[in-house]
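Two complexes follow with subunit A in common, the first pairing it with subunit B and the second with subunit C.
Entry: the complex of A and B
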C-alpha cells in the first residue's frame, strides 16, 4: 500500500519544478483504469491460455467417458469417474505412497537443509562455493538424475551402489534394487531428498542472515549454549520461513512424478505407484482420460485442503 | 529508406517459405513410423537401401522414416493420433493391430485396395489374421518371427553339458551343472512375466489364457496345466536356476547371454545380426523350445503395416505398403533378421541354404500368437502382475491365476 500512495502523490507535489517533463508522460496514465491491464496482457493471456483454459477443460473432461480419437463421441457420465476412482484400490495405494513419500522427503529435506544452512552460515571461507555446490542438484534435470540414479542402483553386482556397499561389507550380496518394493523406495526417497536439500538450504540461509547478531550475543550473556541459542533464538525467528518451506515442499511432494515414472514406472505390481504416475498410466496408457482427469482433481482438492489447513494452523499459533 | 528496406525484407521472409512449399507441391512426403531397431542393421537397410529404391521408382513420393524405441511407440502413436498428428503408415506389433483397428484410426484395406485379395493370398494366413478386426482387414503382415531356445556354447561346455535340452525336464536337469560354475551364472533368463516371456512355457505345459473364441479366461488361465507352468517358473527362479531378471529391473537378457552370464534364453532371429554387429566372435546356438506335456510351442511375433485414416495421400501410402509386400523388400529385410511373411519366398535358394532361419521356420510350424484382442494390453497387465505375485512367493499359482482369470473375464465381458 505505501508504495502505491507515493506514486499517486508525486505529481501533485512537484508540478512547478518538474513541469512539462513529468506531466504528459505520467499524469494522465493514472486516469485510465485499463492501462495496468495492458501491461499484464501478454503474461496474463499466456497464463489463461496455458493454465486456466486446460484446467477448466480438464474439469469438464472429468465428467465424461472421454474419447480422444477424432470422430469418436464422448459420453457424459456425471460423477461416475470420481466414484470409480474412489473405489479403485490402486488409487488408494498410490495415494498412500504419495503421502508416505511426502512425509519422508519433506522431513529429510527440511532437517538436512536447515542443518546445512546453519553450517554454511558459519563458514567464512568460500561460503558461496558451498552454497553453489549444495544448490547444484536443484538445477539439474529430473530426467537426467533419474537415469543417473537408475545406473547407480543397477542390480548388477558391478552397479555403483552394489559394488561400494558390498566392498564396505554393508551388503553381503548385491541387491536387485528396482525389483523389490522397499529398495525401490529407498532410491526414490534418496533422489527426492538429495535433489531438494539445496533449495530449502538456500531459503533457510536467507532467513538466518536476517537474524540480528545482537540477539545471539544477548542470549549468550544470558547463559544460553549453542543448542539453547538455536532453539530459543534461531528457530522462533525463522518460523515464517519454516512454514513457507513446509507448505511449498508438501505441495511439491504430492506432485512427485518424473522420478517414479522413470525409475520404477510404478512397478513392481503398482507398488511404487504415486498418484500422478497412476493418473498418467490410466490416461495415456489406457486412454481413460476422464478417469485420469478425475484423479487429478481429487489430488488437487487434497493439496489445496492441506495447504489451507496449514496456513490456518500457523496463523492461529502466530496470533497466540 | 531504412523502413522500406525492412518492409521488403519482411515481405520476402514471409513469401519465401510459401514458395518453398509451392516448389515441392506436386510431391508428397509420407511419414512412416516404426520400431526397426536403430542400433541394428535393419534400420540401416530401410533408410539407405529400401526407401531410396522406392523413391526412385515413384518420383514425387518421398518417405520419411521415423524410428521409435519399442517401449514408447504405442503410447506416442496413440497421443499423436489423438492430436491429429499421426503418421501416414506405421509398422505395428501384431498385437497392437486389433486395438488400433478398434479405435477406428486404420484404413480397412480390404475395402479400399482393389488388389487386396492378391496381396493377401501371397502371405501366411496366420500373420495376416492378426490384422482382422470385426470382419475387416486393417493391415498386411510385414515380417514374422518366433522365439527359439538359444544356448551359450561357452557356458555349456564349461559345465560339461552336451547340448540343448529337448524337453523341459532335461532343461531342469541342466541347472545343477550350470550353477556349479558360479552363483551369479544362471541357466536361463527373461526380462519379466509379460506374455512374450511366459506364453511359451504356458503353452508348452499344455495351458492357455482364454478359450479359442476369446470369451473367458476361467478354466484356461487357471487350469491345472497353466498352474503347473507358473509353479515351474516360480521353482526355477526361487532356486536360482532362472535369473532374478524375471522379477523385472534386472540385467538385460541379451547382454547377459552374450557376456556368459545367462546360459540360455528364448529370442528371435534379429539376435543374429545384432551378434554379428556387436559381438563378432560370439556364436549363437539355436534349438527348438524345450518340449513339455503340451509340445514345443513358442510365441509368434512380428509386425504388420497399416495405413492411417487422414493420411496426406492415401494412394501414395498404399503404394508404399505394396512395396513392402514385394519380393525385393521381403528378401532384403530377411537379410537383417526380419523373416519374410511370403511362403513362396521360402523356396528361394536364399532360405534353403540359410545358416539360421531353419530352426525358426520349424518352430513357426507349432508357434501360436498372443491373444488377438483389442484389450490385450490390459489382459497382459493382469497376466504380468499375477506372474509377479507367484514368482515372488506372495500368492500360490492357483490363487493368483484364479483372481487373474476372474479379472480377465470381466474385461472380456465389458469390451474395450
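Entry: the complex of A and C
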C-alpha cells in the first residue's frame, strides 16, 4: 500500500481544508474531503474490476454468439441465447434438479440443525465440544468430502454405507449407488445435509442463547411443558434467525456445484446436472460462452428474486 | 450430574445419548478418511470396513509427496491463501473504516451497491472473470487467483468489520486527533489494534476460503507447477482405478491445517458466522 505510507510521511502541520464533521457538534474528527475516498480506493477498485465490471460484461456477452478463440469474431444475436436456454430441456432438468436439491437439503439442515441446537443449548456438559464436532464438516473442503462420500457410498459390499445399512437391516443387499440417478442423488443430498448442519446449528444456538431464561420460567409457571415452551417461547423468538438461515440456505442450495461436478459430473447424459454444472459444461466444455452467460443471468435473477422476497418478508415481520 | 433431580437426570442422559449419536455421524466419515489414508493400496474398500488399519503405513503420504508436484501444490496453496488473507484483511478494514467513521458524498450509494452485490452468486461471474483474466494475462498466475478471491470476499468482510468499528468508542480517536495525529495514523495505530479479534476472524475466514477454493483455480490454472491443493487432490482421483489411500493421504494433508486453524480460532468462527446472522 504505497499510497498510505506517502501520506504518513506528509508533515502534520498542513492546515485542514474543507474538513467535514463525521458527526454533529462536539466532534473533533476533521479531515480533508478526499480522505474517505483514499480509504475506499484500493478495496473498491479490486471490487469494481473483478465483481462489478464482470457483472455488466456478462450481460453484454449473453447477447452474443461469443467466440473465445483468437481470430474469430463474436456475433450479436440479441435474445437468441436466452430463447435457446429456455427451450433447452437439459436446462429445465438442471433447474428442476437444483430446486429438488435445495428443498431436500434445506429442510434437512434446518430441522436437524435446530434440533441439535436445542439439545446442545440444554445439555449440561461438553457444550463447546459438541458445537465444535458438529461444525467440523463445515470447515472441511468440498472437494475432499465429495471424494470421501464417493468412497463411502462405494458399490462394494465393504463400502461404509452399504456395510452399515445392511448390518442395520435397512438394506437387504449392497446397492450400486452410482449406477442409478436416484441413488446418486442420495449421495449428493446426504453430503449436502451432513456438511451443512453444523452451520445452521451454530447460528440457531447463538439465537437460543439470546433468549432470557425468565421467559421459559414464566411459560413453565403457566403450565407449558417442554414442547409447549419450545412452541410458545423458542420458535417465535428465533423467527428472524430462522428466516435468515432459511434464505441463506436456499441461496446456497441454488449454488450447488462441486459435489455434483465431482460425484456424478452431471451425467449420465446430463441427467444429474444442476444449473451451475450445466452452465460450466456449456461454457468451458462446449465453449458456448454466450449461452453460459445467459444461464448465469437466469440463475442470478432467480436468486436475487428470492433475496428480495426475503427482505420484504423481514420488513413485514418487523412491523408486526 | 448427581446433584440434579431424578427427572432432570434422565432428561440429561437422553440428550447426551442423542448428541453423542449425532457426533458419531458427524465424525465417522472423517475418521474413515483418516484410517484409509494409512492403509496400503486401497483400490476397493475393505470388507468388513475397518477403522483401525491392520497394518498401518505412511506409504501413501510418501507416494503423494513424491509425485505430481504435490509438495509444490501445498506450497502454492499456502502462498495464495496467505496472500488472500492479507489483502482482504487490509483492504476490507480500510473500506470498513471509511464507512464506519466518515461522511462523504456517495457513501450510502456505494455502501448499498457493495451490499447488494453480495446477493449475486460468485460462480455466476466465472465466464466474464475468465475472459478478463485471459485478457490481463493472468491465466496460470497466482495473482489472478488472489485478486478474484479477495474481491469475492471483500463485501462480506467489509460488512463484518464495519459493524465492529462502529461499536468502538470514538473518544480514543478524538484525543489522538487533538494530539495532531492524522486519519491514517489513527487507523493503523488505534483502530486496527483494537479490532484485532474482528481482524482475526476475517483473516482466518479468507485464508480458509482461498485454501479450499476449487472452481476458479480449476478454470484458470493449466500449468501443473501452478496447481493448488484441491486440483492436486483431484488429480490423484484416477478415472478408472483410484488408489483411495493416496487420495485421502493427499486430502488429509489439505484438511489438517484447516482443522487446526478451526480448533485454535473456534471463538472467532462462532463470532464470524453469528455476526452475519444477527445483522443480516
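Some points to look at:
Note that in this section the second predicted complex is superposed on the first by the 282 of 320 C-alpha atoms of A that agree within 3 Å, B and C clash if a C-alpha of one lies under 4 Å from a C-alpha of the other, contacts with A are read in each partner's own complex, and residues count from 1 in each chain.
The definition used in the following text is that a residue touches a chain if its C-beta (ideal position, glycine included) is under 8 Å from a C-beta of that chain, and two chains touch if they have at least 3 such contacts.
Note that the coordinates shown come from a computational prediction; the quantities given were computed from them, not determined experimentally.
Within the superposed three-chain model, A:72 lies in touch with subunit B and out of touch with subunit C [touch as defined at top]. Once the two complexes are laid over each other on the shared chain, residue contacts for A:123 go to subunit C alone; subunit B is not touched. Residue contacts after overlaying the shared chain place A:268 against subunit B, while subunit C stays out of touching range. Once the two structures are superposed, subunit B and subunit C can be ranked by residues of subunit A touched, with C on top.
Applying the stated contact rule after C-alpha superposition, one finds that A:86 touches neither subunit B nor subunit C. Within the superposed three-chain model, A:156 lies in touch with subunit B and with subunit C [touch as defined at top]. Contacts of A:284 after superposition on the shared chain: both subunit B and subunit C are touched.
Looking at the shared chain after the overlay, A:50 reaches subunit C, while subunit B stays out of its contact range.
In the superposed model, A:309 lies in contact with neither subunit B nor subunit C. In the superposed model, A:107 lies in contact with neither subunit B nor subunit C.
Counting contacts as defined above, subunit A residues 68, 156-157, 284 meet subunit B in one complex and subunit C in the other.
Chain contact summary for the complex, subunit A toward subunit C: residues 1, 4, 7-8, 10, 12, 20-23, 27-31, 33, 35-37, 39-40, 42-44, 46-47, 49-55, 57-58, 61, 68, 116, 119-120, 122-125, 128, 130-137, 139-145, 147-149, 151-152, 154, 156-160, 163, 194, 197-199, 202-203, 206-207, 241, 244-245, 248, 251, 254-255, 257-258, 262, 276, 279-280, 283-284, 289, 292-293, 296-297, 299-300, 303-304, 307.
By the touch criterion stated above, subunit A contacts subunit B in their complex at residues 68-72, 155-157, 176-179, 264, 267-270, 284-287. Contact residues of subunit C toward subunit A in the complex are 1, 4, 12, 15-16, 18-19, 22-23, 25-30, 32-33, 36, 44-49, 87, 90-92, 94-95, 97-98, 101-104, 107, 110, 113-114, 117, 119-132, 134, 147-148, 150-152, 154-155, 158, 170, 173-174, 177-178, 180-185, 187-188, 208, 211-212, 214-215, 219, 230, 233-234, 237, 244, 247-248, 251, 254-255, 258-259, 261-263, 266, 269-270, 273-274, 277-278, 280. Remark: subunit B residues 75, 78-79, 81-82, 84, 103-105, 184, 244, 247-251, 310, 377-378, 385, 388-389, 392 touch subunit A in the complex.
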